[in-house]
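Going by the order they are written in, the chains are A, B and C; count residues from 1 in each one.
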Amino acid sequence: MLRHLIRKEFLQIRRNAFLPRLIVAFPIVIMCVMPWVMNMEVKNVKVDVVDNDRSTTSQRLVHTIEASRYFIFAGQPASYEAALADIEHGRADIAVVIPRHFGKQAFAGNAPQVLIAANAVNGTKGSIGSAYLSQIVTVHVAPAAASIEQHVATLNLYNKHQNYKLYMIPALLAIVIMLMCGFLPTLNIVGEKEAGTIEQINVTPVTKWAFILAKLIPYWLIALFVITVCLLLAWGLYGITCQGHVALVYLLAMLLALFFSSFGLLISNYSDTMQQAIFVMWFFVVMLMLLSGLFTPTRSMPSWAYSTTYVNPMHYFIDAVRTVFVRGGGFAHIAHQLAALAGIGAAMALWAVKSYRKNH
Amino acid sequence: MNDFSSFVLKEAKHIVRDRRTMLILFGMPLVLMLLFGFAITTDVRNVRTVVVTSQVDHLTRQAVDRLAASTYFTITATVATPADAELLIRSQKADLAVVFSHDFASRHGGVQFIVDGSDPNMAQQWTNYATQTLLNPEVGLVDLKLLYNPQMRSAYNFVPAIMGMLLMLVCAMMTSISIVREKEKGTMEVLLVSPVKPLMIIVAKAVPYLVLAFAILLTILGMARWVLDVPLNGSMAWIVVISVVYIVLALSLGLLISNVARTQLVALLLSAMVLLMPIVMLSGMMFPVESMPRVLQWVSAVIPPRYYIDAMRKLMIMGVGIEQVAREVAILVGMTLALLTLALKSFNNRLE
Amino acid sequence: MTPSIIVDHVSKAFGEVKALDQVSLQVQRGEVFGLIGPDGAGKTTLMRILCTLLKPDEGSATVDGFDTVGQMAQIRRRVGYMPGRFSLYEDLTVRENLEFFARLFGTTVEAGYSTIGPIYSQIERFGNRRAGALSGGMKQKLALSCALVHKPSVLVLDEPTTGVDPVSRKELWDMLATLKPLGITIVASTPYLDEVRRCQRVAFLHQGRIQGTGSPDDILDRFAHIFNPPGIERADEVQQHTADNVIEVQHLVKAFGDFHAVDDISFNVKRGEIFGFLGANGAGKTTAMHMLTGLNQPTSGTGTVAGYDIRTQHELIKRHIGYMSQRFSLYGDLTVAENIRLFAGIYGMSDSDIERKTTALLDQLQFADHRNDLVASLPLGWKQKLAFSVSIFHEPSIVFLDEPTGGVDPATRRQFWQLIYDAAQRGITVFVTTHYMDEAEYCDRISIMVDGKIRAMGTPEQLKQQFHLPDIDHVFTHLARQANRSSD
């Protein structure tokens, strides 16, 4: 029975004008574009330097900044006000103002104040950029103070090359699963409701489990296919491979897929129209995603928001998959997350099957 | 004008009677604002820190106290060897280890940070903050001034972005779906056979969504001001005017989609893929445009929300005058006119 | 007097398919003109051209002297149009719908009341009910009111009575007759022969061409092989139904809140019987059927189907029945063979059995060439024959058919009933609802439901004698007119 239902789902997916293309194009587009886009790295910071001193010392500082690969040298406006206008126009992000008599006083060992004014609307960009600039200035002005900094060494465990893409690819896997296993089955079931074919199925002896499994299995397989494509592309395009055991990534993906497809099913059981289903789904997905640590660190959240991560399967997934993919963790490292994911997924699946009724 | 108002009224009833959708339309902005305002931040906070020190001298103690006192770091353990610290990080119990060398006090000794570098961005910020906190570099070398957002709150950055996304979503997606729904249900045939000008059908459809979008805009602005304490520095009048231009642009996009799509499903998918994804990804809402490769920067140049979000950030947060956003506004107006013409041109008076 | 509508050599193609091919006709002012022909003959396309919704590829058409291409605005002011699906806003109330359509044409309900009065007065008391909650008959009256409220000079009705019960259908045509003094030209399409007879002239459209135009009797006579095929003979008329009951129902009730959709019904159906389950729209037929097929739980009462309790053993019932619903219920994006294999597989048939029976079935239906065609691409009549064949493919003991022949032309209906007879011959009990009273005469026994209760039950002959009426149509009308409620 199940076999026939699954074959029907596959046939319907294949006949659809849109789905096969989506399934093939989606991972390719995601993998080709997203790693470049989903980049919170601070790059190409535009710097204005106002040199009120015009001494050799100050010019040396200007040259150092100009030469830094990290910054884009925007210009040398005449005054702080002009630099501020540049910032307002968006032509510059940070203005460095070298005070008058900078060179003389620096020579005398008197610490002259260099003003660094950063546009902090985007806090990350403002702080990272200005921190790096102050470092340059400090080294330049007071080699003595800088010597302390030379005593500071940083050892990066994992992600040695500071590759942001390595960090983001697990997030992409999560998004792929969410879309393939969350939205597609939801649309599918509500679609059958709207077309009336679900009524025909309801008068047949098909069991609830068979019906629901037949809806889920094809999308799981598709998700597995898509994830495989994503992993291959990550290796082919960016040379990024999974640090841990790849089987664990698949295991995690299956569990997350179980959650999302059950969740989608639940929503479609309670919705009458596609629009409703999509909107409700979207609402929850956005919340789960934002609170999961996919893009932003969960530990920065206030405690009430952090406590929601205990029931957020996306959080467990992203935590675990990063441990495996980036940090090369083994089964023992993610056992806790695996258990939580499995628990939440199973509970959701039970609820979904319970809420699907063949008899009112 | 009377039949026009009855048209608008009818459209408004459709919206109001679909409770669940209404709830989400108004719930979404509230929830997003609260989440972004209070929960989601990229700030450095509560970094789980391990201190590695072999001997406890005065200077080291002082340094550790400075770390513990800051809101950035939470000292979770003190261990004797770097290897122990590494183990803690590897088992996901800590993010950062600060290793004080045994001669730290002697000024020659140094500090080593062992950091979970999976997120290079955060890792770098952690070490930056830790360096600053620990070494407290000679005061007065640099006078750091964080303009517009001295407390570096993420909300300042996100509020304009949420406005850009939600207005687009409500206007474009909802309008397109509501037009396509009439096509699907067959009522469009009857509307077309009536003497009412097709343009009016469209405008009447757009009006309630315009009002809705406006209500959402005011909700967002109100919440930003009074709940999230985000300043509204610039001229309110201009903020509203530019938003209205943007709303019209979104409505035209919705109309264009509805002209192409035949079923609600296609309209939904088109809105989600052609509108939502690029907006979230390429408009600079979450991910800075400057960090993208050149090609993607070109692509993002044709995405309208990018200019709206830019303009709103400047007007609301930076509080600049209208002349500083003239470029963005000009581009938005141009895009609006082009899209509107295109949408009206492609609207079909007949069924074909 | 110039004709109200002139169609001059109009052709229209959609891709490869020629929907209309050199069609010419004229309709006089005030005339009731019928467009008849099988599904896909081009009726809807022609109507849409008249309403300026489509442009003809060739030829021209004028309505009230205005060209449909060049003078769209004038025509749109003069035409009232009712598309095949009820084009109402289901989330607006009756009153709101009517007001909206009145405003659309720049008038008010009050100004148009004289025209729509006879129709609208029947549903006026439900003014605050949402249109989506109306029964089919009432939706149709509302849709007609909406199309008439601006006093059009031409009224175009595309199958206005599909899925509507006989009483409401008669009422609709009575109303159309009252429009005659107003000089409104009416163009209507319909699959019902009694409705065809109420037109003054009809045009028979087939494969995009006009086959003939003339008085209804003339056309029905000339194309009798299509409209009035010879009646079907039941091979084994004197079958003994003394055997056991396959359906037994006692005091069945289904209530939705205060509303009793099915209100205490009791009946038995014997093995091998063809049982016609008649009733007006909203009388509770579909709800009753849903309880029998295990889709709904009864509120009270008991019943067994194929020996299983409908309350507790509904999943067992589902193994032994076939079901074909009102809405076409095969998967349009699967091929003929794939649909058969799916449903046969659900009932646990083996692959080899499925393969063998599929070939046999398709040969019997003369469908073998279409084995790998997508179901969505088949004409309506074929789809319905196929859906029926699929519903009895696993040899159930009972098959439930919910208005299986809605919107189908007479010849196809005749073929459909031949299939039903064949199934009954094999011992399959047939439980069928229909709005065609000629089909009711084909049943062994019928029941007529009114307001949730069974008002009459027996063989067609018995009922005719009991009420002293000449045919079931009259019996039905007689009983259904006593209904007090009209809602689903």
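To be clear about the criterion, a contact is a pair of C-beta atoms (placed from the backbone, for glycine too) under 8 Å apart; a residue touches a chain by one contact, two chains touch by 3 or more.
It should be emphasised that the depicted structure is a prediction, and the values quoted were computed from it without experimental measurement.
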| item | value |
| --- | --- |
| Chains contacting each of chain A and chain B, listed by label | C |
| Greatest separation from chain B - chain, by CA centre | C |
| Chain centre separation (chain A, chain B; CA means) in Å | 14 |
| Rounded Å distance between chain A and chain C, as computed from the means of their C-alpha atoms | 54 |
| Residue numbers of chain B (touch at least two other chains) | 18 |
| Interfacial residue positions of chain B with respect to chain C in the complex | 2-3, 6-7, 10, 13-14, 17-18, 185-187, 189-196, 349-352 |
| In the complex, chain B residues that touch chain A | 18, 20-21, 24, 27-28, 31-32, 35-36, 38-48, 86, 89-92, 95, 107-125, 127-128, 131-132, 135, 137-138, 140-150, 152-154, 156-157, 177, 264-266, 268-269, 272, 281-282, 286-288, 290-293, 296, 310, 313-314, 317-318, 320, 324 |
| Residue ranges of chain A in contact with chain C within the complex | 1, 3-5, 7-8, 11-12, 15-16, 195-197, 199-207, 358-360 |
| Of all residues in chain A, those that touch chain B in their complex | 18, 33-34, 36-46, 84-85, 87-90, 111, 113-128, 130-132, 134, 137-138, 141-142, 145, 148-160, 162-164, 166-167, 187, 191, 271, 274-276, 278-280, 282-283, 286-287, 290-291, 295-297, 299-302, 305, 319, 322-323, 326-327, 329, 333 |
| Residues of chain C that touch chain B when the two form their complex | 48, 51-55, 72-73, 76-77, 79, 81-92, 96, 99-101, 103-106, 146-147 |
